[in-house]
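Read from first to last, the chains carry the letters A, B, C, D, E, F, G and H; within each, the first residue is number 1.
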Amino acid sequence: MSKTWRVYLSGEIHTDWREQIETGTKAAGLPVSFAAPVTDHASSDACGAEILGPEENEFWFDNKGAKVNAIRTSTLIKDADIVVVRFGDKYKQWNAAFDAGYAAALGKPIITLHDAELRHPLKEVDGAALAWAQEPSQVVRLLKYVIEGTL
Amino acid sequence: MSKTWRVYLSGEIHTDWREQIETGTKAAGLPVSFAAPVTDHASSDACGAEILGPEENEFWFDNKGAKVNAIRTSTLIKDADIVVVRFGDKYKQWNAAFDAGYAAALGKPIITLHDAELRHPLKEVDGAALAWAQEPSQVVRLLKYVIEGTL
Amino acid sequence: MSKTWRVYLSGEIHTDWREQIETGTKAAGLPVSFAAPVTDHASSDACGAEILGPEENEFWFDNKGAKVNAIRTSTLIKDADIVVVRFGDKYKQWNAAFDAGYAAALGKPIITLHDAELRHPLKEVDGAALAWAQEPSQVVRLLKYVIEGTL
Amino acid sequence: MSKTWRVYLSGEIHTDWREQIETGTKAAGLPVSFAAPVTDHASSDACGAEILGPEENEFWFDNKGAKVNAIRTSTLIKDADIVVVRFGDKYKQWNAAFDAGYAAALGKPIITLHDAELRHPLKEVDGAALAWAQEPSQVVRLLKYVIEGTL
Amino acid sequence: MSKTWRVYLSGEIHTDWREQIETGTKAAGLPVSFAAPVTDHASSDACGAEILGPEENEFWFDNKGAKVNAIRTSTLIKDADIVVVRFGDKYKQWNAAFDAGYAAALGKPIITLHDAELRHPLKEVDGAALAWAQEPSQVVRLLKYVIEGTL
Amino acid sequence: MSKTWRVYLSGEIHTDWREQIETGTKAAGLPVSFAAPVTDHASSDACGAEILGPEENEFWFDNKGAKVNAIRTSTLIKDADIVVVRFGDKYKQWNAAFDAGYAAALGKPIITLHDAELRHPLKEVDGAALAWAQEPSQVVRLLKYVIEGTL
Amino acid sequence: MSKTWRVYLSGEIHTDWREQIETGTKAAGLPVSFAAPVTDHASSDACGAEILGPEENEFWFDNKGAKVNAIRTSTLIKDADIVVVRFGDKYKQWNAAFDAGYAAALGKPIITLHDAELRHPLKEVDGAALAWAQEPSQVVRLLKYVIEGTL
Amino acid sequence: MSKTWRVYLSGEIHTDWREQIETGTKAAGLPVSFAAPVTDHASSDACGAEILGPEENEFWFDNKGAKVNAIRTSTLIKDADIVVVRFGDKYKQWNAAFDAGYAAALGKPIITLHDAELRHPLKEVDGAALAWAQEPSQVVRLLKYVIEGTL
């Protein structure tokens, strides 16, 4: 009975890094089950008000949505064996750093994925990670090595 | 391997809200496994004395039954990914609020389900929840969004 | 170095049961440090909006206040050695039952304090408690026995 | 024996918000013990290489420093009763969001402190918080209310 | 996907109470997976020395065996949803009481199974249990009620 | 600031072993704070009914008392650095074995104290202990060594 | 539904002890799923730099690799029911002792596997273990006994 | 009320590194309380047999001593804020690596202290540490920085 590794892909939602990792992992035949936040930006913003009723106040509109998303994300991060956190070059991405801190406190192994130019502002996050990758293909290689033990 | 979400449906046992949620979830094809307390009121009250022997003293009659029910409820709440707590307009329903507190201390995502008129007395419970729904259909939509990521 | 026992007094805020327990405990010379929620009803309701800004929507007005109160109550319940939960004959008191569930999941010893007529609706809460008292003076005697070992 | 509340002040290090909170808290006579990360930017960046030896590679220079800082910050956040996280209008501040996630996973009550214009990018962090303040004076009032129970 | 309940049957090994419970549970068609300590007395005593080498000193002979058995018992108690602890009328049976304490500290629901005459010396163990049964058939009924919700 | 070690003395209440350990420890000038169950047998049996009201049914009489005692014992065992468990030659002493199991699951270092003739029935308890002493004076020497590091 | 036991085989990578245990376990028909660190020495050393980019500094070369390996080992040790730790006669093998300490703090049952001549330097590790075996065949017999209950 | 930091000094017992750190810390006026294993080699080996009775079998002689030492070390490591682990150039020192693994699983910040030539065999231990120092004076500087925030 081989273990299926649960990998949570947190962070940036505007490029196809998740697809690259999932495709590469599948191509490598690795037993991995991926999870992620809702990556449709509009749905992610609107979910609270859309399902539970409208809010005039912007803060509560956002708050309602953020908490609905947290039902999903907190559950899936707790379930995960490994948490990959991706930072892109746009937006504040505080939710990604929040997920990293959340995963760190739970003792989850963290892999960060970001360009070299984000090195300095991400030093605390990288300091809590077990690996820093710059390319999705490196994450695939990491998963292959971690799971199968071969380079 | 897709995750089956375990959802515990706590609280009110005199309307068909559980059936509505279960039917809606099934119709939506969601991978959810539901659990609940024993919802047959008479059995729930009598179980202790019925199985383990009669009690003359009313306190111990109730105590015996409550603890037998706790074998079920504490186990299933610990197992749950999400806890939905429903409050109706009758009875004290302190067991529902107790379950909410129990779930909160375990860090479980909580969804409350109640009418707007119960807003004020439920403020502490709602304050610990990630979502407040007024209709079972909203809970189904929440589960759909949380699990599939689509509105 | 004798231990100071930390006792959290949760629940009903409209009678002087806390004062009775505190006075009795002091008279008995017991090393107890008491904590409690904010018992001024008006402040407890208004604190969120008063400190953090007004809310037109009643739900968020309550939610804001409930969460500010939770900063206090969750911290003090986690700190407590023993949690006493009092139920009176008025109001919904779901926050008291919530506290009991919260304390139970943390493994805190619980003492309930309520009249016999609340026996049935409180059976789940009493089932999770280590003692049910009907009078504040009994709680004082329990503390005396638990701490000093004498009746 | 009154409890001394331990409050960790995380985040932005370029304005005097910590001093304002500490001064206000002292003026109010509250029993609070504050902790914080090292707020001298230059020391915080250089500490790893300065103490443990130079690094040519910028990533390891930063990594070494971040981990030395983590000895302090992880210990003090674990010690804290309440974590206040401040976001300013400059820099990435991913370490602040990381601290918030870390505190959330540990079940610490979180107070965020930031301007309204950061509302949207901070929605996940605010969603995990029990209070959002916009001014240091509000944090002081929160502490006064939480600790003393008076507005 | 229905849950298979894991039930650990601790204690007395000289009567057929385990078989009775297992047979009754099977007859009732309940989804239960049972676990137990090694119930062959001779093997249980000899396992340490038999597998790992002889011991002249009786204390270490016993110690070696007890620890080998603990590999099994500690793992299976941690795995269990429910722990049933049976006390008979012979022997010291301190291992049964030890298991009960172990299960209690882990927050496992405990069912005790013993005759009325053992009531007084077992009061602390019964005090930590959620049900006291006198007959194996009662344990089967408890499992049926807890799992299926019907008397 | 030297650490005061908290030592819980569980088990047998009919000989003066606790006094011997406390006297010896004091004579050795060790910084130890001792705790124990209520050792007055009559009070320990009667406490529940005496404080909370009489019970005709013997089981509930005992149950009520056992749970009142558990408020004390569970709190003090959780507080302890070290748990000493003493078994004598009389009575069932299942509460002592229960305490040992409870302490073991909490990861507390356990010292057992009993005669050699109880070796076999106590093998599981001894197997979970870090030391087996036969005389109270050995426990004092253990505490001295553990705390001061000198034989 | 019979339990599949998860056994982690930590330590020495230069002899075929893992194969012996796996072969023996298979021959005995035991339901065991084995896990281990990467046992190819060259890959284990090079993995960090090979996947994530070269390092000139030897410390960081090693650090990078060690952390990539930790993604695998920490996850699998946390998953394990039983941890077997093998010490050979060569090399420092501090990683094996580290794994043993890690497993001990998590409360995992530990089996050590080493020759008698390593007795003294391994006394702390053996002191935290539930069994010391000298031959792989003894580990197989232990697993057979622990799982099936027969010698 | 300033925090007194608890620092556990694990490992090598044949040089004066502990004294150097303690002296340096005192000279710097830092609020630190140090703890350590028993550093008298002869006492540490003999403690079990000396206090609890002689053992002919060398394994049990060692086992008895190791477990008595574990009462001290496991308690003090759990108490510690920071764990410093020192490796020297002699002996197997598996207990030091065991302590490091134990501390890592508990989430304690670890500082390693060893010469550069031990880099490779200690890579897993260093990989779990937040700082690697080569000189006791560096540990003092780390403590100063971590506690006072100044270089």
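Remarks
Simple rule for what comes next: contacts are C-beta pairs under 8 Å (C-beta built on N, C-alpha and C of every residue); 3 or more make two chains touch, one makes a residue touch a chain.
Just so we're clear, the structure is a prediction, and the values are computed from it rather than from any experiment.
The chains that touch both chain A and chain H are D, G. Each step here moves to a touching chain, and the least such steps from chain D to chain G number 1.
Centroid analysis (C-alpha atoms only) places H farthest from chain B.
Compared with chain D, the chain whose C-alpha mean position is the greatest distance off is E. Look at the contact of chain B with chain C and you find the same residues on each copy: over half of the numbers used there are shared. Interface equivalence for A-D, evaluated over B-F, D-G or B-C, points to B-C, where over half of the contact pairs coincide by residue number.
Centre-to-centre separation between chain F and chain G, using Cα means, comes to 37 Å.
Separating the CA-averaged centres of chain A and chain C is a span of 40 Å.
Chain A and chain E, compared by their mean Cα positions, are separated by 43 Å.
Centre to centre, using the average C-alpha position, chain E and chain G are separated by 30 Å.
The set of chain F residues touching two or more other chains comprises 67, 70, 107, 132. Looking at the complex, you find that chain H touches chain E at residues 55-57, 60.
By the touch rule above, chain H contacts chain G in their complex via residues 58-59, 62-63, 65-67, 69-70, 87, 91-106, 116, 118-128, 132.
Remark: chain F residues 4, 33, 35, 38-40, 43, 46-48, 50-53, 64, 67-68, 70-72, 74-75, 79 touch chain C in the complex. For chain B in complex with chain A, the touching residues are 1-3, 5, 81-82, 107, 109, 111, 130-134, 138, 141-142, 145-147, 149-151.
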